[in-house]
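Shared between the two complexes below is chain A, which pairs with chain B and chain C, respectively.
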Partner chain A sequence: MGEASGKMNNYDVVIVGAGPAGLAASIEAAGAGARVLLIDENNKPGGQLFKQIHKFFGSREHKAGTRGINIGTELLDDTEKLNIEVMLNTEVCGLTPDKKIWIIENKEISREITAGKIIIATGAYENSVQFDGWELPGVMGAGAAQTMINLNRVLPGHKVLMLGSGNVGVIVSYQLMQAGAEVAAIVEAAPTLGGYGVHTAKVARAGVPFYTSHTIKRAHGKNRVERVEIVQLDSNWKEIEGTEKIFDADTICLAVGLTPMVELIWLAGCKFTFIGSMGGYVPVHDRYMRTTVDGIYVAGDVAGIEEASTAMEEGRLAGISVAYDLNLIDDAQAEKRIEEIWTKLDSLRCGQFGEKRKTAKDRILEEGEGMILCHA
Partner chain B sequence: MSCLKKCGAPSIEELRASPGFPTEEDYKTGNIAVIECIEQIPCNPCETSCPRGAINVGNPITNLPTIDLSKCTGCGICVVKCPGIAIHLMDINYNEDSAMITIPYEYLPLPQANDTVTLVDRMGKEVCEGKVEKILSSKAYDLTKLIKVSFDKKYYEEIISIKRI
Partner chain C sequence: MTRIKDHPILGKDTREEIVTITFDGKEITALKGEMIASALIANGVHSFRYTEKHNKPRGIYCGIGRCTDCVMIVDGIPNVRTCVTEVKDGMKVETQYGRGEWKNE
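And now, the complex of A and B:
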């Protein structure tokens, strides 16, 4: 992988975030001949992919049945073949609508680069909830626990209570058990479980109890979490007194949703819309992943929380439209690829879980329609 | 209220109502794949991995899988490929008294052949003991192991896995 020369200051395309969305975007844009710089604040590219040690869902085209970590490796191989320049340990701290980008390398060197086009693929951050004792050591995001076990090989604790039964909560519970921890319970405030049934079933058969309509009341402990008190909720989400239960646990993982990391997109002056099911404020964009600011594109979780499979497809869309907008590929080529990718995206956004995401994406696109100039 | 969405695991009634789950007659036909996939999710590696074309998901990809048991040889490829760890093999006539289950297993440590292990039901409740007959691994399984365990055949509809060791 090419190291940043430190001298270059101007690129056809700068991509912020080297997760599945950013990597896929870079492959499409560089494949069409653009000079691409990919920036990530981490010391390794791949975003969330390298901690997804489980086999992915989907179809063959989406590499279903392959572990996330191996999908990441395949993407990295492609970026290497295309000699894409990757700048790691580099944080993008700001950008302007005229596409000046402020970066800080290795937490030391501050400089400015400019780009013809910018694709923002910064992903998302984990939500938190407050309860008595939430500041005790041992309370952490489920994603953080996943990073600890699967990337850093450190067990955050021996007995974990998971709050949230969505896919992240149940997958991380399974992986914590694989890493050698015990999961005391999975607690869900809603009356029904959120994650795919196959995921809940595999932790249920490992003996993990689920508590729906329950939440954490407080964490007890002197210097760290030692016990967790949960309580039942009524249909108005009010705590029902007298239903408290106490579990021994040294770790509480919070899997209570993700929020798109949109700060850079606000700075650029893009229009937003609020869609709760997509994680909150998301940038308005069109089917080519263009925002309302000319030359700024988005892809992946930052454009609405979904999955790695959709993030990669959106990254490809952004990469292709950038190449098209730079006149590197013609109309017919671009439209053909864009259509193919949309067919795949539609197949990922169907069924009882995907339908909701499709409706939400349609809303974002509808808002985009009126605001974004059409392809010339 | 659905058991799957409340306690995490499907009830036997929910399973029987799904198209991939065998009938009592089906179980008698030999070592067969038992598919416990009752929710429409966009996923089809079971279909694309089956070397006999016995499993069908089709279009849209959210359809529940169906299986033509006359084509199923009990090879176990779908068992390792299913990202949901939702398929196992069951042979209720392994011998006169025992059935044999083949489960996908992704925990460490692994049991050894001939070990006595505890078998559990879908809620993780211990049901009976069994004997590890064989452990299969292959590069194509991508780290997942297949563990074959024999046990008292009267529990065949309850047993889903082994207790972690």
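And now, the complex of A and C:
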């Protein structure tokens, strides 16, 4: 993978974010012959993928049974083969609708580059919730704990209480145990569990107790979490007095959802719509991942929170659309690939949890269709 | 010990090269290429800064550079996100109080 020369200032396509979405987009666009620059503020590409050491779901062609880390390695091999320019340790601080991009390299050099097309694939950040003692060291996002154990290889704590039983909650709980920590309990405010059955069953088999209709009341501790008090909730989400339970724990992980990192998309002037189940404000886009601003595309979590497999497929869509809009591939070629990918996306967005995401995505697309003019 | 030396899926940690940094004047060892935050946690440090209004300790929250909960004074520069900043040999890391201050030598 070539290091940025620091000299070139103009690219056919600039992709912000080298997570699964950005990587997949770069492979499609560069594969079609576009001059692509991929930018990430981390010192390594991969986004959240290299901390996902679990096996993925879906059909075999979706790499079900393959671990996120291995999918990441495959994507990196492809970017290398295509000689895609990757600029790491580089933050995108701003961009304009006419596609000027302000970057800071290595926290030192500030400069401006321009792009024909921009794909924004900046991912998401973890939500938090507040309770007494929430600011104590030891309270952290579940993804932060995952980053610590699987990327940095340090245990942030030895005894963990997890809030949230969705996929991230159960996956990270299991990974904490693999890393040598104890999980005291998984606490879920809703009356039912939220994650895929396979992941939930694994943690349950390991003996971790689940508390549905419960939430954290307070965290105790002087300079760090020492104990956690949980409480039962009634059907109106009100705390039921007298149902408190106390656990010894030095870490509280919050797996309470993600919010798309849309700042750059706001700056670009794109239209948004609010969809709670997709993480809040999401950029309106069409089935080609085009936003309402000509030449600006989105893909992955930033276009609505889902998972790595859908992020990759959306990245591919964006990459192909860009190649098409740059006249690098013809109508028939583009439409064939786009159809193939949509078939995959539809099969990823089915089942108990996927169906909800499909309905939400359809809402975004519906708005997009009305607003985004087809390119001549 | 909080370093995960062996892992059922990731295997053995093969990183060996060590650098020395100081935390509030005390020397601690870190692995070359790791982030300041992970080096501190591996050394049992969990309070990175004290909040401005209530003077309460804080540690990491997001671990990926998004929330600024983990900021400290690094080589005299305040508000450095330690979860996304690599250690360097001889680096001076200090607890930040409130908004911190520039410490030019």
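We take it that the second predicted complex is superposed on the first by the 375 of 376 C-alpha atoms of A that agree within 3 Å, B and C clash if a C-alpha of one lies under 4 Å from a C-alpha of the other, contacts with A are read in each partner's own complex, and residues count from 1 in each chain.
Please note the rule applied: a residue touches a chain if its C-beta (ideal position, glycine included) is under 8 Å from a C-beta of that chain, and two chains touch if they have at least 3 such contacts.
Keep in mind that this is a model prediction, so the values were computed, not measured.
Superimposing the complexes on chain A yields a three-chain arrangement in which chain B and chain C fit side by side. Contacts of A:Q178 after superposition: both chain B and chain C are touched.
By the touch criterion defined above, A:R67 lies against chain B and chain C together after alignment on the C-alpha atoms of chain A.
In the superposition on chain A, contact of A:N152 is made with chain C only, not with chain B. In the superposed model, chain B and chain C sit 100 degrees apart as seen from the Cα centre of chain A, a figure rounded to the nearest 10. In the superposed pair of complexes, A:N42 makes contact with chain C only, with no contact to chain B.
In the superposed model, A:A201 lies in contact with chain B only, and not with chain C. Of the two partner chains, chain C is the only one that A:V139 touches; chain B does not reach it. Of the two partner chains, neither chain B nor chain C is touched by A:S235. Touch criterion not met for A:Q130: it reaches neither chain B nor chain C. Here's the short version: in the overlay, chain B gets within 5 Å of chain C at its closest Cα pair. Common to the chain B-facing and chain C-facing surfaces of chain A are residues 67, 178, 180.
The part of chain C that touches chain A in the complex is made up of residues 2-4, 7-10, 13, 34-35, 37-38, 41-42, 46-48, 51, 56-67, 83-84, 86.
The touching residues of chain A, when paired with chain C in their complex, are 41-43, 48, 53, 67, 69, 125-126, 128, 135-141, 143-145, 147-150, 152-156, 158, 178-180, 223-224, 261. Across the interface of their complex, chain B is touched by residues 54-60, 64-67, 70, 177-178, 180, 186, 192-193, 196-208, 210, 212, 347-348, 350-354 of chain A.
Those residues of chain B whose C-beta lies close enough to touch chain A in the complex are 1-2, 4-10, 36-45, 48-49, 60-62, 81-86, 106-108, 120-125, 142-144, 160-161, 163-164.
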